[in-house]
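Chains: A, B, C and D, in written order; residue numbering restarts at 1 for each.
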Amino acid sequence: MSSVPLERRRALQTDRVERFRRMVEIRSFEDRVKDLFAEGIVHGTTHTCQGQEAVAVGIAAAARPTDQVTCTYRGHGVALALGVTGESVLAEIMGRVGGSVGGVGGSMHLCEPEVGLLPTFAIIGAGIPVAAGAALTAQVNGTDDAAIAVFGDGASNIGAFHEGINLAAIWKLPVVFVCENNQYGEYSRIDVTTPIEDLADRAVSYGIPGVIVNGQDPDAVEQAMNTALARARAGDGPSLLEAKTYRYAGHSRADTAPYRVPGEFERWYERDPINTFRARLIDEGVLTAESAEQLEKAVGGALEELVAQVKESPFPEPAAMFRNVYA
Amino acid sequence: MSSVPLERRRALQTDRVERFRRMVEIRSFEDRVKDLFAEGIVHGTTHTCQGQEAVAVGIAAAARPTDQVTCTYRGHGVALALGVTGESVLAEIMGRVGGSVGGVGGSMHLCEPEVGLLPTFAIIGAGIPVAAGAALTAQVNGTDDAAIAVFGDGASNIGAFHEGINLAAIWKLPVVFVCENNQYGEYSRIDVTTPIEDLADRAVSYGIPGVIVNGQDPDAVEQAMNTALARARAGDGPSLLEAKTYRYAGHSRADTAPYRVPGEFERWYERDPINTFRARLIDEGVLTAESAEQLEKAVGGALEELVAQVKESPFPEPAAMFRNVYA
Amino acid sequence: MPKMRMNQAIAAGIADEMRADASVVVLGEDVAAAGGPFKTSDGLLDEFGPLRVRDTPISEMGFVGAAVGAACTGLRPVVEIMFVEFLGVALDQVSTEAAKFHYLSGGKVTVPMVVRASVGAGLGFGAQHSQTLETWMFATPGLKLAVASSPQNAYGLIRSAIRDPNPVVVLEPRVLYATRGDVETGDDQLVQLGSAQLAESGDDVTIVTLGAMVRTVLEATAMASWSADVIDLRSLLPWDVEAVLFSVERTGRLVLVEESPFTGGWGVEVAARLAGEGFRHLTAPITRITCPDVPVPFGKELEARFLPSAEYVVSQVDELLATGSLPSPWWKKKESR
Amino acid sequence: MPKMRMNQAIAAGIADEMRADASVVVLGEDVAAAGGPFKTSDGLLDEFGPLRVRDTPISEMGFVGAAVGAACTGLRPVVEIMFVEFLGVALDQVSTEAAKFHYLSGGKVTVPMVVRASVGAGLGFGAQHSQTLETWMFATPGLKLAVASSPQNAYGLIRSAIRDPNPVVVLEPRVLYATRGDVETGDDQLVQLGSAQLAESGDDVTIVTLGAMVRTVLEATAMASWSADVIDLRSLLPWDVEAVLFSVERTGRLVLVEESPFTGGWGVEVAARLAGEGFRHLTAPITRITCPDVPVPFGKELEARFLPSAEYVVSQVDELLATGSLPSPWWKKKESR
């Protein structure tokens, strides 16, 4: 069977231009979401992932649609990378019937089993043992699918991180733990909350590989994921990947990130994942400056159409709140 | 001010014969407790620590009475070592008015602030962040007291272990985390639940010293504690000590430990902490075979008197259950 | 009919579901090699093997969370929480994740998992290992909650819980694990979640109870001068409002017997509902017979005093019937304290 | 009198206690440098310094546990739980440790700590960040539990909670943080834990409520044709039974307005108690006006529908007074759903 999300996912598997396009799609999507909130036409809160696109796309490129992924409230990028449509994500953020979970969840709650996206997590760390459990299913059923938990640097200080990884390690579950170290947990820089520099070192506590990955480079993320996934599928157990990256936006809608270390943003922006990848593809002759520009324009245009369309789409009826409470 | 618990504590500080006596006291106390339960004259459950005496006594010898200690339901030995009287502990186990907490707690619940014993913990791992908090008090008040958390190998797999040590490390709190690795968590050997050999390695996750200690030797435990406590008092933060030892008894009253690996008990018994320490003190000429034997007889005799006395002591009135619910 | 202890009946119920459905797995501390700290999974490892029956590290958040993930992806995990208090380190996964995932997936994901926990006092485990804590899980849309009171319904409830497509918490009174009783096994013995059982019928009063207190209440009615409809709720989420209303319409009097604190115990939900929907049928104050608002004390005598006894139930109901007004609890009657 | 937003009043109350008592410390995620995610500790770091005002890692079990240890040894920690749901990863330290340590130390140890948590819906935070969850902490002897409803009582409650020798959980409706109101500061403004406030008096009915619903109820009475005693409980553990009984003796009618699920919400305790001790004064069914039994939905319209509105309170009480019988909730009235 096929479907738009699955096709969007498959497109990433081989085609690096599609990966570039997806990164651009995520960046512009998140920028637009911030604006929509700023305009005050969206209720609630949102957490965007500008700057972290390479992690999402690298993971989606390496994983199978049948691999199960848990990610966080900062999940728009991961969802789009896995193949979830912009319409599904934006409509959920805007609380419309067409949203990923029918508009009753909001920005923090997306889900698309078709491409392996389990419900996203608004509670820090909660997705880590849940990913171990999805890997348990694969182990019990004897498939060679794997699970992937995506979480932040701040999440590495919560108990569920320790318990979930330890459990996966002792049972040699096929799971890859990907820590997106974007340097901040909410308004606190990692060095305020975490006594070590490299979170990958925490793998020592579980006797599993701990790997530092350049989170600015989708190719690097893909390669590290391929290695970790191969190990998982072979029955050799989990790995902990630390993708070093940076959060361009504030923590959530309102946050202007006044706490940022001066010059830090600029330093990271020099290594911007989209600019770097664009340059590489141009070097490789896969793209030209012109084709890249056209691609970016096209993505921007499509996004505007999408926004207009979702703005017009209906809200759920009150009755919707009573659906899906029990199966 | 002084008191029996304080004097019992001070006695350990310099006098190694007293340390030997205390180890013997703990061993015979725990053996006797097991019998009392076997006789069925005690209600509920109990967890004894035969084989782990050197850890308790080594800690008590190194720590000050003003240092704060959190330990577990397997806490009779630690309590006695810190100076709590046998009467207070036994009366609590037997639910008598004279018990450490008035007889309403039972075997798992002891407390004696006079010698730094905070309420003991029946929930795995819970005492670890609580010890960090006691260390926070010392840090905020600018005293050079420290805190000590005593917990088991199994507890190193629970979230509170991770969160409590991480918090202490980032705040450089004066606390020593002592993991009594007695090889088993309930009926499960550590290798069934824990993917690494040395729990001290988990210190890497927090950037603190992780030290393996011979838990069969009170001198070794004392020395390691002295180093860790000095570091804590100096403001350099916590340490994780792993005391390798062995649980002679079953997990709790009913458990006969059928799951034990054959020969394991015998191997550990060759390194029995009491026998080893006795031999050392005799070598050193501090004890003779005769004086040691007399000492052990005396301890046994005193214990029998204690048991007889506590058996005669009163149970709490029903009204007791309404006391100390709120301060 | 075979006699079984309640812990054996639970193991038998799990085993029957494991035979019927290869996706059922069992996780918990010492549930495999040791057959469970209370022998509620005895024999499962031997029959179903280490892939499906697993000893976990001491990581309730970790293995309950793993059960959530396994349930979302096709397994039917049965998780053991040795003492219900340990949900205090794992409640997030039950109440905030599992109970809400069907909703937060727009119905795309279901979470067919069971959390079994032993509850209650009477064995001298002390204040941190003797509570029932139904109310930690009560006000939780998306969750189901059942409480066993006999070997027979423990067998039926666990099987229904495992078959349910929703997360279900099953509370098992620890003091009953050793109780022997006739247990009819087989598919006809499933107990529908949300259905109460009329354990005994009578005319003077409706007594609603559950768990270990069912036995206490039946002891009480056996020695009482009055007769009662004794309703064993068996489930709290959902609970059988109709059964209670139906009885109170006839008796006009509602008494709750609970092994829980006086303030906020599970019975207040039943009382509140009846004080609304049953109001015009009530001829006497709704009476709650509970434990006092204190941590569970250790010690045979104290613990026995702490728990509602059959004699106490009789005397409270006697007083209610005689005076028509609310009997105050023993701890408010100076003399008896 | 100075006007303050509720978050400012809370910060002011904490600051006053920190000035009065050097043992008061503040812990939580982003409470120091950022002044709190909801600005409820703004300015504390500057005035009291990094030793007493601390940003924590994302480790609720860790820092709540640390607060327990600090409280046992002489400090008075005030811990912030950003959203009450996060207690799902830390409940053990509050309910099983802190609440029982005075008891389990034979009175040798006290645990003077405060856990502040923001609660409630109305801001579009979705199902995992919008609940009130009073009942997670309700049936817990040894614990105190308060709920703020205005800048003034938020100021008074936090100060009383900090001074209390017991562990106290203070719930703060998030939707009220931005509400401005007159706040009288100073020692006379402490609010005794366990004392309700008669927010308005009337004759036809007694409405018991707390938290964000107080405002809703006062909006309702302003437009209603009937008059009510409006009782803001302010504390749930202990709660002011006398105040409610006293009013119901006069009005004969009890209505609860709760931002909580219909099944098992906090109001069932009040209803149950009155259905016992107040039975002979009741002339009408006890009526609970609550949210439906569903996870909190996202979306302005859905969330507004989910929460009891002033109009809804008016119409339910109108129906109760007109018919004398229990009005069914809107979601059971086919048309309105």
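Descriptive notes on the structure:
In this section, a residue touches a chain if its C-beta (ideal position, glycine included) is under 8 Å from a C-beta of that chain, and two chains touch if they have at least 3 such contacts.
None of these values were measured; they are calculated from a predicted model.
Of all chains, the one whose CA centroid is most distant from that of chain C is A. When the C-beta pairs in contact are tallied for B-C and for A-C, the bigger tally goes to A-C. With centres taken as mean Cα positions, chain D sits 36 Å from chain A. The distance from the centre of chain B to the centre of chain D, each centre being the mean of the chain's C-alpha atoms, comes to 41 Å. Along chain C, residues 56-57, 59, 61-62, 85, 88-89, 92, 96, 103-104, 127-128, 141-142, 293-295 each make contact with two or more other chains.
Within chain B, the positions touching two or more other chains are listed as 104-105, 109, 123, 157-160, 162-163, 166, 170, 192-194, 325.
Against chain D, in their complex, chain A makes its touches with residues 43-45, 95, 103-109, 122-125, 154-155, 157-160, 185-188, 192-194, 259, 315-316, 318-322, 325. Here chain D touches chain A in the complex through residues 29-30, 33-34, 37, 55-62, 85-86, 88-89, 123-129, 292-295, 297-303, 305-306, 331, 337, going by the rule given at the top. Residue ranges on chain B touching chain D, taken from their complex, read 68, 70, 99-102, 104-105, 109, 111-113, 118-119, 121, 123, 126, 128-141, 147, 159-160, 162-164, 166-167, 170-171, 323-327. Contact residues on chain A toward chain B in their complex (touch as defined above): 157-163, 166, 169-170, 192-196, 201-202, 204-208.
Of all residues in chain D, those touching chain B in their complex are 23, 25, 51-52, 54, 56-57, 59-75, 77, 89, 92-93, 96-97, 101-112, 141-142, 144, 165-166.
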